[in-house]
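Notes follow once the structure below has been shown.
Order of writing sets the labels: A, B, C, D and E. Residues in every chain begin at 1.
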Amino acid sequence: MDWTWFHKFGSPPHVYRLAGTLTPWFAWPAGILIIAALYGGLVLAPPDYQQGDGFRIIYVHAPSAWLSTMVYAVMASAAAVGLIWRMKVAHAVAASCAGVGASFTAASLVTGMLWGEPMWGTWWVWDPRLVAQLVLLFLFLGYIGLRSAIDDLGRADRASAVLAIVGVVNLPIIRYSVEWWNSIHQTPSVMKMDRPSMPMDMLAPLLMMLLGFTLFFVAVLLVRLRAEVLRRERGAAWVKEVVS
Amino acid sequence: MIGAALAVLARDLRLALRRPGQVLQPLAFFAVVTVLFPLGYTPELDKLRQIAPGVLWVAALLASLLSLESLFREDAQDGTLEQILLAGQPLAALALAKTAAHWLLTGLPLTLMAPMLGIALGVPASAMPGILSSLALGTVTLSLVGAVGAALTLGVRRGGVLLGLLTLPLTVPTLVFGARATELAIAGEGPSGALYLLAALAVLAVTLAPLAVAAALRIGSE
Amino acid sequence: MFAGLRFAVSAGLCLQVVGDNGAGKTTLLRTLAGLLEPDEGEVRWNGQRVETRSLEFQREFVYLGHQPPLKDDLTGRENLRFGLALRGTAPAGDAGRAIDAALAEVGATALGDRLVRSLSTGQRRRIALAALRLTAARIWLLDEPVTNLDAAGQAVVASMVASQLDAGGIVVAATHQDLGLAPARCPQLVLGRRA
Amino acid sequence: MIGAALAVLARDLRLALRRPGQVLQPLAFFAVVTVLFPLGYTPELDKLRQIAPGVLWVAALLASLLSLESLFREDAQDGTLEQILLAGQPLAALALAKTAAHWLLTGLPLTLMAPMLGIALGVPASAMPGILSSLALGTVTLSLVGAVGAALTLGVRRGGVLLGLLTLPLTVPTLVFGARATELAIAGEGPSGALYLLAALAVLAVTLAPLAVAAALRIGSE
Amino acid sequence: MFAGLRFAVSAGLCLQVVGDNGAGKTTLLRTLAGLLEPDEGEVRWNGQRVETRSLEFQREFVYLGHQPPLKDDLTGRENLRFGLALRGTAPAGDAGRAIDAALAEVGATALGDRLVRSLSTGQRRRIALAALRLTAARIWLLDEPVTNLDAAGQAVVASMVASQLDAGGIVVAATHQDLGLAPARCPQLVLGRRA
């Protein structure tokens, strides 16, 4: 089999250019979708009959929460590819994911807390889903912490890749164990996140927002990847060309 | 291979016995945390009994973690880790041996000490078998998961705190099932469901963790 | 780091790697030992390309770096015994006897039962040399083997290297000081300094 | 002397900041430990509020202790500790500078972070001033007492490890008064009595600990 | 450890402490530096008995042990600057200028801005020599100053020692290798080996 495409894909200057070309193709649709969804969600959608306008925070909260898990999956896959095939670009992708993932996770937590205050009268409850989300944030932070603690780039790449992979094994176990933990204590389940049969004019903006967030993630990832590639290759001839 | 692993195990045990202070440290820590906790709370045994599972497990988790910090660090500093890496032996087996030594020196004594502390927290004697078996199983997983963290943070400044940050989230399942088993044991109900889960986690850890440790050690030695 | 570096060593020969500080001697040795991953290049052994990290290749060599790999809280003898068990190379006959012989060879008989912690820098290096002697490895990778050794110690290193070569072994040594071997037996590889 | 102390302080801060994100680690660790307790206990905020003082203080103690472990060890290993010992400057002043750097990097951020974690444990907002001031004072003492322990553990040969173990009980008063102050603050009563005691402990520690650290460092370096 | 050892060094002179491994060279230097407490004996300075641990006496000397006292995570320059601030000896004129001059003297100008972590063993020793040069101390206590240095580095040590002696300083150096100074300037103190 011819592997040249694989190596070409892995070559930093090529990735740098490709990412540059692709960015607008994701950024613009993302922007349009998010604006449209905001309009749909904040203006067109009717207020909830129970929660009034407060429910509208869902348009940020739910997509951030969904994205956070997805970003972790992307990050861990990229790290695994980097570790197995020794592809530096894959490590760069993983490194670029971490910050975005942590931000999405934090956003879902913060919006959730903001929502929880009016809904449950408290900022925080020890619900399994919330705890699992918090642990995900810690995993992201640990990954970032480990990377920043190691000077040598190659070592940082590989060590953090091992951590990301170990996290993948453990995430479902954590999720499961926390559900088990809480199910015993019969908390009055204030929070009902089981998808309610939502009216279409509420649901459509939500789905648009999800797609918009996904495209937004890809666009941010590409931008960060370019920066990351430049940082790693500083000193290389092609970088000097690009920068000057 | 087995000879080499046993040599590593024997060496680590011997080293620990040369410095008894180091062996006692996690134990003392376990005891102090468990005893301190009621001081900040209440002297009523009825209430203490309720928090006993959480206190015992968090204390065990932290004590185990505290001592893991130096698991590979000392070997890395005096150069014997390189000797181990280059021994021409499967690294995962040697890593498992080192972790086993750690468990014998920390997990096992912690487990044996737990009943004494349990009594101070008002735990009935009938609960001891459940507590002993849950801690014995749980500390195995803790040692192994912690070893992965210790190998990853090798050569990192202020590694102790980073180690905690990396490892503690991964130990959530052990903590939850362990505390649950303890709770059931105290309530007089059979803890076997939670114990099975703990055993499953331990088996998973024994199979996978040594591989991750070996990979991390190779990376760390570069 | 190195470009276009190519060399071969055959059985019974020594290679003395020399070069200024920072020339890359340590880096070269650690790469050969598989402790560093080369960006490019390959190592061949008996004409076959080897993975430096493979367990088989690891059994062929032993690496002694800047720092003697000894546990401070074990005695010299205990350290040596551990080294033997770790590599799984039981010496012919009694292990204790072999250890005594190795200690005698490096002039450290009296030190064997002291904790390494209490030894002077040069005394530690002697214990490490005894450990080297005990391994059955054919290839020795030595980084600055005579550092901190007194005249007698340096002579020990020279004779150990010579006898290893006589036995058909290979020695690659990075050093600023002379090893005291005949130049024909020990050609020099000079690494150039880069900036 | 002041210049040298400032140089030590600045160097330690610079070393810590060299790796962005490293300063956040004790914080994250503090958060993780605080999260662990509910996992071992119960999700009910009413019950959590009761154990909040103990949880916050044990977590702070641990974060502080874990990061102290390497306070002098790294300097001892790379030889800069000897340089500091032989600088011709009053050693106690330099030791105080090192401890101050540690507090700025650990105690202070921990304190500032505590309110957020308090919320997760159901602590009312009205209790925050009391919690903040008790932690600010208490972490000073923890850093200083811990520094004595860290210095003692350097001289392993002289049974330093065992001595180091003894410093753990020395943190008991801080824990007790700190938890008490927090408890009073949560209950809406004035915590000032306990705060005075904490302040007195801190003053005592600032005066005595640097001398003990200096003496221990000299012993440890032999 | 030593019995009946008695020696004097006067300004402008060097003392080369030699002896087999384990003879006690390091122990002697560390005792002079006040890092070890002597069981017996005294140190006199200008004819007066001094407490080696007094701060005044500490300012008179600088001790450079087996290991260069540098922080891995600082650059060479930052390490030097810290050394200056720690001892409180502001050099005449600009500190940055003095550091540059010291780095140039040891041939490490290009290394000053690199993290010490990334330096080779010999390169680290050069930074440590620059630090030595920057202190205003009159007495230098050096343990194996030429270890791991290439020929150029050894020459640097020789010339640094010579200029320190010229300036009326005192150098006590423990070493197995020759320092390359005239024997008259640098008498030897031979420590006997004890078992």
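In this text, a residue touches a chain if its C-beta (ideal position, glycine included) is under 8 Å from a C-beta of that chain, and two chains touch if they have at least 3 such contacts.
Since the model is a prediction, treat every value here as computed from it, not as a measurement.
Q: Using the touch definition from the top, what's the fewest steps needed to get from chain A to chain B?
A: Minimum step count, chain A to chain B: 1.
Q: What are the mutual neighbours of chain C and chain E in this structure?
A: Chains that touch both chain C and chain E, as defined above, do not exist here.
Q: Which chain's centre, taken as the mean of its Cα atoms, is farthest from the centre of chain A?
A: When every chain centre is compared against chain A, the largest gap points to E.
Q: Look at all chain centres (mean of CA atoms) and spot the one farthest from the centre of chain D.
A: Ranked by distance of C-alpha centres from chain D, the top chain is C.
Q: Which two chains does the highest number of contacting C-beta pairs join?
A: B-D
Q: For chain A and chain C, let me know how many angstrom lie between their CA-based centres, rounded off.
A: Roughly 50 Å separates the two chain centres.
Q: Please report how many Å separate the Cα centroid of chain C from that of chain D, as a whole number.
A: Averaging C-alpha atoms per chain gives centres 45 Å apart.
Q: Between chain D and chain E, tell me the centre distance in angstrom, where each centre is the average of that chain's C-alpha atoms.
A: Using C-alpha averages as centres, the distance is 37 Å.
Q: Among all residues of chain A, which ones touch two or more of the remaining chains?
A: Correct list: 135, 138, 141-142, 145, 149, 151, 154, 178, 181.
Q: Multi-chain contacts in chain C: which residues touch at least two other chains?
A: Those would be 37.
Q: Would you pick out the residues of chain B that each touch at least 2 other chains?
A: As it turns out, chain B has residues touching two or more other chains at 19, 157-159, 162, 165, 168-169, 172, 176, 222.
Q: Could you pull out which chain B residues touch chain D in their complex?
A: For this pair, the touching residues of chain B are 19-22, 24-25, 28-29, 32-33, 36-37, 39-42, 50-51, 53-55, 57-58, 61-62, 66, 69, 77, 157-162, 164-165, 168-169, 172, 175-176, 178-179.
Q: Can you list the chain B residues touching chain C in their complex?
A: 1, 3-4, 6-8, 11, 14-15, 18-19, 78-80, 82-90, 218, 221-222
Q: Within their complex, state which residues of chain E touch chain C.
A: Interface residues on chain E, with respect to chain C: 19-22, 24-27, 66, 110-111, 119-123, 125-126, 144, 147-153, 176-177, 195.
Q: For the complex, give me every residue of chain D touching chain A.
A: Residues 19-22, 24-25, 28, 31-32, 35, 38-39, 42-45, 48, 119-120, 122.
Q: Under the stated contact criterion, what part of chain A meets chain D in this complex?
A: Spelled out, the residues of chain A in touch with chain D are 122-127, 131, 134-135, 138, 141-142, 144-145, 148-149, 151, 178, 181-182, 185, 187.
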